[in-house]
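A, B, C, D, E and F are the chain letters, set down in written order, and residue numbers restart from 1 in every chain.
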Amino acid sequence: MTRLTHLDADGAAQMVDVSAKAVTMREAIAKGRISMSPEAAAAIRDGLVKKGDVLAVARVAGIMGAKKTSDLIPLCHPLPLSSVSIDLDLDATGVNATATARTTGQTGVEMEALTAVSIALLTVYDMAKAIDKAMEIGAVRLMSKTGGKSGDYRA
Amino acid sequence: MTRLTHLDADGAAQMVDVSAKAVTMREAIAKGRISMSPEAAAAIRDGLVKKGDVLAVARVAGIMGAKKTSDLIPLCHPLPLSSVSIDLDLDATGVNATATARTTGQTGVEMEALTAVSIALLTVYDMAKAIDKAMEIGAVRLMSKTGGKSGDYRA
Amino acid sequence: MTRLTHLDADGAAQMVDVSAKAVTMREAIAKGRISMSPEAAAAIRDGLVKKGDVLAVARVAGIMGAKKTSDLIPLCHPLPLSSVSIDLDLDATGVNATATARTTGQTGVEMEALTAVSIALLTVYDMAKAIDKAMEIGAVRLMSKTGGKSGDYRA
Amino acid sequence: MTRLTHLDADGAAQMVDVSAKAVTMREAIAKGRISMSPEAAAAIRDGLVKKGDVLAVARVAGIMGAKKTSDLIPLCHPLPLSSVSIDLDLDATGVNATATARTTGQTGVEMEALTAVSIALLTVYDMAKAIDKAMEIGAVRLMSKTGGKSGDYRA
Amino acid sequence: MTRLTHLDADGAAQMVDVSAKAVTMREAIAKGRISMSPEAAAAIRDGLVKKGDVLAVARVAGIMGAKKTSDLIPLCHPLPLSSVSIDLDLDATGVNATATARTTGQTGVEMEALTAVSIALLTVYDMAKAIDKAMEIGAVRLMSKTGGKSGDYRA
Amino acid sequence: MTRLTHLDADGAAQMVDVSAKAVTMREAIAKGRISMSPEAAAAIRDGLVKKGDVLAVARVAGIMGAKKTSDLIPLCHPLPLSSVSIDLDLDATGVNATATARTTGQTGVEMEALTAVSIALLTVYDMAKAIDKAMEIGAVRLMSKTGGKSGDYRA
């Protein structure tokens, strides 16, 4: 049976040892969506028309969240991120988020991309929750992963 | 039209002023789910049989994540959390997470509960990603909110 | 001679004991400015015309920085901030920052307001430094302080 | 017209991708000053005579602040700092701060040096504010920058 | 049999709910010691003679560590510390640390006092480890605890 | 006389410059123990029988603490940890902790291993303190250190 790499032979949690892994350029892309009422989406759009702060705040939160990944996910390795970018696309009933993370290091950046998406969408929730408490965050998943020994992945 | 409370009259982001709000006991419950292959779910279950670390790590990550909410969500107020608990329920194709957060303060704990759920599920992703990269986090939403002037909310 | 309150009788640093101080509403306003070349100011203005991210990023950084004040300034007390807002005003040769912080607590929020201004201006420096490395941050000072036993202060 | 590197083609904030940049040794030196009343400067000097904690606390705060730079400045890259040192020079009406930061990495350390200076001076403000609230932090600027493709810079 | 309060009926970790506890003034005092070679102790003493930075750095680290307690200890509640002070006493073969923490809140500050002692002593280790790697930290324990329903405690 | 490397010629604290040191694989192992009443040890053992959260929480706290080392110890360099593992061994009157940390970098990981041990044991204290406040943390020391120019060390 497949064993979880984050558990040792006794089942105790551990940070996987990456010291023997090659230092290569690695990239991961993740996506997610927050669904909301048309009224909430319109309020965000209205904010954009003025000064554009709404999605800008969510984008900054996602980028800063990506940098905190190893502080949030217990067994994640600290990584020298070489870039993070977040694309937020508002439509009539929600916001789609796409995050791209890159590093030159010994382990992948999937968790950084997924964390960026999650924190950006939670930030949208926070800013629109006075209008719509029933918003839902979903479809948070890895789209692709390149670099590293285990080979590339595409969803 | 409804205006976002986190934007001032010019559309600039701000932390809403809660200094005039009453100090009351407040609670929020949030839920979410990570869906995965039966193989990944079985590996987590196998880990549980041994020492139980898998869901324990995710639970701790969610609790610690709740305490970092105001550090992650830019316009969230820092809150003296009086309790956080996270229930993780593993089934054949995933894990359901339910987080309950409480405070006695001037503003609600929805974001703390939602952040706890998100970080706990991201931690499950991290621990099982060597087996299944196609896992998806979804249905992250607020179930209920009590306390505070705006009244109770049930999903 | 006047003694520093952050040193005990032996000169050792300490966090001043505020447990006997009254819980009152307190506010502090701080200002500062970053001076830059007309070219850098124009590039920021050009960015604003598009999507407004430049000053939005600095504003978010300042608000989040205010929440980290007690983590940055060794002898500062942790405070439940009830609001922080930052006004950034771009002119032909720089950006003026004004931060307002409020709490209901046992100690003042001068350091939170000053930290918000400093971090917001450092963020502007970061975003424009590829154009102008000679930018200078100055005039970072407290404008006013209200609430608390020691009385109000106006610069 | 010069474009800000931290904005993408649409004007959205991004962390600049440094993955193609060379890993070289880089150094940055920044300066700043806090001006104060002779009474406040004398109180700091008096503290030094005893146990020297005043400037020591500010120096530690600046060093620790430098290590938090990528957590404070949204679009800054996390960097493995190889050294930070801070020189604080007290005179009759204030304190001059000089910070030197070094790394072997893919991007410069200007922001680390500037952050170290800012946090050290804010810490001095905090410790002396009971005596003088009119202190002012200014002249925070980059003195030099070496290493990296864009060439050396001297103020 | 006595049950751990941090485990729920199923044995899952939880943050104990303190929302029904009274807000009272609470204090805790903790002690600890780092033992070292006379040579290491002499080097620290020599540093003191110059500028006093050695123990000052450890004292600052302990105070800042106390403020991070709820970020370090997973099930600890965030607390508005009203004061922390640390006394470090160097003798011929080591340093004794005593930390006093106070809050006005719903739960005790034992962990803050113990964390302050631990981080201060680890900082001494860090600064003297080039001279003596065999230093040992021990006798880290609670001396007293006052305030709160469970009554006072003296070691 | 031996001089502390963390003080400059004037006695001021500094982060030692490691930019000229070789990038090598480095490992450190540290140990420590918390002593407690048989009743407290039995309660932890009872918790283990159920769901195993007690030591799992302490293990996670130790791993996350290791990643925060440079944020806690003022003059420590930030390090890209390649692995951390913690072994916790419960006996009739306490818990022994052993932490192993590894990096490929320019400076050693002694402080990371010692911090992991300290935070794990403080977490045990926190979870059992309702049963036994007289627990004592001791024998926190470095067992071995390999890699780096200064040669290997064994206690």
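Note that in this section a residue touches a chain if its C-beta (ideal position, glycine included) is under 8 Å from a C-beta of that chain, and two chains touch if they have at least 3 such contacts.
Which chain is which protein? Per UniProt: A, B, C, D, E, F = Cyclic pyranopterin monophosphate synthase.
Keep in mind it's a predicted model, so treat the numbers as computed, not measured.
For the self-contact between chain D and chain F, the two sides draw on mostly distinct residue numbers; the shared fraction is below half. In this assembly, the C-alpha centroid of chain B lies 30 Å from the C-alpha centroid of chain E.
Chain centres here are Cα averages; for chain C and chain F they lie 36 Å apart. Contact with two or more other chains is made by residues 12-13, 51-53, 56-57, 59-61, 64, 68, 71, 74-75, 78-80 of chain C.
Shown here, the protein chains touch in an arrangement that is not a line, ring, star or fully connected set. By the document's touch criterion, interfaces exist between A-B, A-C, A-D, A-F, B-C, B-E, B-F, C-D, C-E, D-E, D-F, E-F.
If you check the complex, the residues on chain C that touch chain E are 8, 12-19, 70-71, 74-75, 77-80, 105-106. Those residues of chain C lying in contact with chain D across their complex are 1-7, 10-13, 32, 39-40, 42-44, 46-47, 49-54, 56-57, 60-61, 64-65, 68, 71-76, 110-111, 114-115, 118-119, 122-123, 125-131, 133-142, 145, 153, 155. Considering their complex, residues 51-53, 56-57, 59-61, 64 of chain E touch chain D.
Residues 25, 56, 59-60, 63-64, 67-68, 78-87, 102-104 of chain A are the ones that touch chain D when the two sit in their complex.
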